[in-house]
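The same subunit A turns up in both complexes below, where it pairs with subunit B and then with subunit C.
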Partner chain A sequence: MPTVARRALSPIRLRVRPGGVLPILALLAVLLVLVGLRQPDFLDPPSLMSFLGRSAPVILLAAGQYFVIVSGEFDLSVGSLVTAQVVVAARLIDSDPARTWPVVLLLLVFGALVGLVNGLVTTRLRVPSFITTLGMFLILVGAVYLWSDGAPKGGLSEEFRRFGRRASEDVPLLGRVPYALLVLVVVAALAVLLMRSDFGRTLVAVGDNPRTAQLSGVRVWRTRTVAFVLSGLAAAVAAILLGGYSGVSFQAGAGLEFGAITAVVLGGVALGGGRGSVVGAMLGALTLELLFALMNFYGVSGALRSTVQGAIILLAVAVSATRSSSR
Partner chain B sequence: MRRCLAALAAVTLLSLTACATDEPGGGPAGGSTSAAGSGTGEQSKFFVQADYDAELALLDATPTGPADKPWEQMLNPTMVDTSKFRKAGPHKLCFSNAALNNPWRQVGFKTMQAEVAAQGSRISEFVHVDAEGKDQKQIADINDLLGKGCDALIVSPNTTATLTPAVEAACKAGLPVVVFDRGVSTKCPVTFVNPIGGYGFGHVGAEFVSQRMKPGGKVLALRILPGVDVLETRWSAAKVAFDKAKVDVVGVEFTDGDPAKTKKIVDDYLQRYGTIDGVWMDAGAVAVAAVEAFQDAGKPVPPINGEDQLDFLKVWKDKGLTAIAPTYPTYQWRTPVIAALRILDGQQVANPWKLPQPTITQDNLDRYLDPGMPPLHYAMCGCTDLPGYPQRWK
Partner chain C sequence: MPDPPVPLLTLRGIGKSFLGVRVLDGVDLDVAPGEVHAVVGENGAGKSTLMKIVSGGHAPDAGTVEVAGARQAFRGPRDAQRAGIGIIHQEFNLLPERTVAENVHLGHEPVRRGLVDRRAMRERTRELLASIGETELAADTRVGRLGVAQQQVVEIAKALALDARLLIMDEPTAALADHEVELLYGLVRRLQQRGIGLLYVSHRLTEVFDLSDRITVLKDGRRVTTVATADTCTDDLVRHMVGRELSSYYPDRAGPDEPGPVRLTVRGAGNRKLRAVDLDLRAGEVLGVGGLQGSGRSALARALFGVSPFTTGDVTLDGRPVRLRSPRTAMRAGIAYVTEDRKGEGIVPRQSVLDNALLAGRAVFPARSGHAARARRVRDLLAAVEVRAAGDDQEIRFLSGGNQQKVVLARWLALDPRVLLFDEPTRGIDVGAKSAIHDLVRRLARDGAAVLMISSDLPELLGMSDRIVVMRDGRIAGELPAGATEEDVVALAVGHTPQSRTEIDR
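For the complex of A and B:
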């Protein structure tokens, strides 16, 4: 009986606890209303679908970043990993459709491998992840530059670009559903399932208190390394979608790591780990993209985006710091 | 309208702060933000009316030299005497290169290497040093090359003002110096090789777009970054053309040469305005991304200008676009080698050596569109007769 009583009492308090998805949902709703007032056409299925498709890579990266952040680490290497993947893909495919699938596979392996190295260096060599992934960021930037002489070569095949650019036409009610959105839905479902599994609970426990987790038999290093691998895989999928969307570019992934971290923080995930949900992180990314769309509709320069991101990170960390100290 | 202008002002101002370049000789390109007739803002600080008039006149000038070798042609040449540099061959040529960091420079450098190969035994050694886009490295590079017994020095300066003293030092060392692409602010090199220039480029594109679009329609101008002289001149000539044609320039945005950013910007404008009736670009690298943004949004592609990169020419042909491609021809990389050898033979050369700057139009598109070449290749390379074509450029 006491449990029932407590349950009946606490849903509101439970939902607005740090790390809950209610605040981000509220923010998303407010932004949707504002966008709807300013540009009602935006909420029509075709333009909404295309918006979601365009936002898919950032949402994927936010999910990947979530795994790392909730386990108490950072991954600053994802942006340069995306760039590296796009440049590598263009050079290897070299406009030959037959090479599409092998290269897609290779990119996934490459992403996982980079994540594995990040994870092992962080956990086994005890280099702080901030430094590890910053180093990886620089290594990848330099390696890509060296390998390509500073200018991308080759080209992506239409088959490769399809994932990020084309859509499934004539879907009832929705019209045109971008493939990127379908990929996102699948990955998001997998992420949610993963977080509900034992591994998910372990991951959060490791971020909350690695010592306790260790004492209760969790192999902390292994869990965190897996988180980095997941982030690398998410970056690989994002790279496939982004490369498809815009083609070969040397700046394909520039700044994405900060976008992803901002989104995760905005989604109520605590920097330092242990609190927050993957759904919140993905909603955070969606909210951030919607905010940028709103800024566009009001004619605010795109150059303000990084300023907004910075402000969100500072604000969110400040808010969560005051909350946790009063906990 | 007022809102647009305010937005434009904000855009320009912020882009300026965001993309500060180390390009000297310009200072901030800004201030180009206050009210003006067609939304193009104030004229660029780089705009020089006399140069503009001269370049537009050159567009119609008839070049001297072999018609099938535009890289050897000269526009309105003033010949200079070079007899004091005459020297018996074979020669050691040295080249201080600003950078190889974009496809245009990659294609150009390959063309230059092929030209060196084509000269055969006349050149005993060709030394190339890449400054990787850094002024300081290029200053050191030039200084190093002076001690290496070069018979002639070719310089493609990274930036104009900063490299001037280094080039002056090379001139003082007594060897003939040939500068090409970007210039230096000294007259000491034997010759300065470059095509007509940015005003010509910008003008050709803007005139085409404003003539082909519906009158009074909405134009989106996409620029790479502010403050670089060759790009500022392109935009300032386009601004003059748009003001004259009284079109409505709804936006002037900076893309950083990034296709993803370009596609987002065009997409944003399509959502904000519904339709865009013309697109002008100061460089063709992201033209395909702009075209794709229209295609993916299910909108017709308006009159647009690109450059002679093959990916754009291919889309143009395949999709039947209304397009034009002014060029900044990569064949200019052949000319410095030819010029250096002529100088070492004591032959007269033109100074400045102004090369023609052809435009690709619907009529001659097929001549330049070679489907066998890679998408980032530049068609105006003048390289089809060179050793190793086409493999060298693939």
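For the complex of A and C:
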């Protein structure tokens, strides 16, 4: 857990600052060593690449969730949004390859729109985002069931599924690089650039102290709404990858919102906003996936996943709360 | 009046420090049954701290509190309540969705067979209200439907329901309309007749003279004097409230030709907190704004910065009419605002010094000459205002108050503002940083900015300002030239014109 990693590193005080990525990197390294001891071939390029590809959707969702959390809000709707996207894509494409690209575009618009509604309801109608996005979660679940009469219809085209299950073959050194990983790398680079931009710095400032931000001319409502839109877009991309990888079902996105929140918290981002980096959030997601893989290798029941997530959230928040109050 | 044998409340040598700052020092005070004892003093004289000590909110570091001759050591407000001390705060502690009776008995409801006895509760409330002459107020009205004056009556009844013998009233008329003040007077007199002692804290000298039997003046945490109201006059009182050595040096004021053309004009402007404000602010001058807390000083700055905009009246900037609807529009017009609440709305605590200094520019003005150039400019400004930090990337919350304030200043200077609004620019700042900020403010004016500076620190207000306007009750009560005295400012602020001086007309 992060505490242990911090203790171990405390002699190197200089860059260990709250919200930095060093603790999560250390934890990730520890887990990699443990995995390597138990299952040495996991670290070979082919299996590592496919692990990264499989983890891409969750990492993307963590990045999306990061924008919302660092601005001081929550997005609980992303799991059901992913489900809705996959089911909608299957029905609209209906196995017709020609519809692939229009539907991909539509999914992005759909994701952005859901984020926009989340953002506007939260900021303009002043509904706490916890409630707004919980409501959106339920609305999407119900709407998808209704629209598909209780069972997913149609099917995804092979072109659509390509993003989630195919790979770029024969890459030097790495061998097989999943498309999902390529998508992830591009999105991650964009996210990092965004967080270095004026918008990114302003977003964190809004989460840190919205009053100061407002009195410095920030349109707080707009900034937060954009964060929700980014989370919706991230969910759309994650849905495209997930649909391709694991196919169409009502369970496609189940529980992903909590996975994303756990990952963000694990990555050193403060709930309530104002602290943490998008890289930390994405590393948090990777660490979480690696932890699940490790549990798998050691024969721990997969049923414990949500218990582990819950424990991580409580522990991480408790640690950061006691640390910040002691200052 | 002859002193009764046992006072209701006796304070002896009360002292209190916060973080090493002495807020109260050796304060003596007593209240007799049926007496109205007024406590007056400038902002920061220690009135609120003293009231908190009496009502159990703070424990004193030194001195004793006795209630009816028995020594007390309150561990919290409940202990004080049990000893018979009630406090009526400026902000009421009432539940708007509950009835008058429910509020009056909140937390100690009469119980019959394990259930709240509503009838007894109503009956007792009615008796209680009748005993203080409030027969109009129905016990089963929802409190949210009552006016401010009636809510105040409910607060008083609530204290009396707990058998309060001593009531503390903190600025009781601040929220009342003029005709409601008369009702409060009546109420206070009826409370007196019941033998209840009152500690009456107020800025308004008229009230103090109308109601009190004795007056205690506090200044800088010490008791200056306690006098029988009949033996004093407002002139004397004002003199006691002020009068202190000018202990620090201030930069030279603007020379006769320095103030340039009028940059900002305000005509007949008002909103919920301000009425009929007329103001001219010249380029190159520092206009001081004095007045008591709640007199509308901050409201004026916040209206000019578009935080709580004017709803009536006109504002022009360099001759052109402007509508200041939001901080963004004000910033675009060239106005900057340094808030008095640095922690709450001046800094983003967990962001770096550099991010704090860049905040306003990033939010409103796209970097025309490039991001790197802007960051360089801000770094230069941080160096120019002499911010002491471990580095640009240190989180601002680890800096001292003075250094935080300098970063906030750099944030605004980066925008080249034409008008700067400072609200208590040196509050909570150490002496060294204080004079650095004073120098900076003057330098800005010298470079042609129009500066409006609110300050509760009278020596600072007098030392820095080329002109002073004093506010009272949301209006501008008067204007004073450079060289005015503390007495002049306080007299205008409390609404009393000394006979010896004529008000200066501009």
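Quick notes
The working rule: the second predicted complex is superposed on the first by the 313 of 327 C-alpha atoms of A that agree within 3 Å, B and C clash if a C-alpha of one lies under 4 Å from a C-alpha of the other, contacts with A are read in each partner's own complex, and residues count from 1 in each chain.
In this text, contacts are C-beta pairs under 8 Å (C-beta built on N, C-alpha and C of every residue); 3 or more make two chains touch, one makes a residue touch a chain.
What you see is a predicted model; the values in this text were computed from it and never measured.
In the superposition on chain A, A:Pro152 contacts subunit B only, with no contact to subunit C.
In the superposed model, A:Val300 makes contact with subunit B only, not with subunit C.
Within the superposed three-chain arrangement, the count of touched residues of subunit A is higher for B, of the candidates subunit B and subunit C. By the touch criterion stated above, A:Ser168 is placed in contact with neither subunit B nor subunit C. After overlaying the two complexes on the shared chain, residue contacts for A:Val248 are found with subunit B alone; subunit C is out of touch. On subunit A, the surface touched by subunit B in one complex and the surface touched by subunit C in the other have no residue in common. Interface residues of subunit A facing subunit C in the complex, by the touch rule stated above, are 17-19, 198, 201-202, 204-205, 208-209, 211-219, 270, 274-275.
Interface residues of subunit C facing subunit A in the complex, by the touch rule stated above, are 305, 307, 327-328, 331, 337, 339, 344-351, 355, 358-360, 362-364, 366-367, 371, 395, 411. Subunit A meets subunit B in the complex at residues 39, 41-42, 47, 50, 54, 94-95, 149-155, 165, 242, 245-252, 254, 293, 296-297, 299-304, 306. Across the complex, subunit A is touched by residues 3-4, 6-7, 10-11, 14-15, 17-18, 99-103, 105-106, 132-133, 253, 256-265, 267-268, 271-272, 288-289, 292, 296-297, 311, 374-376 of subunit B.
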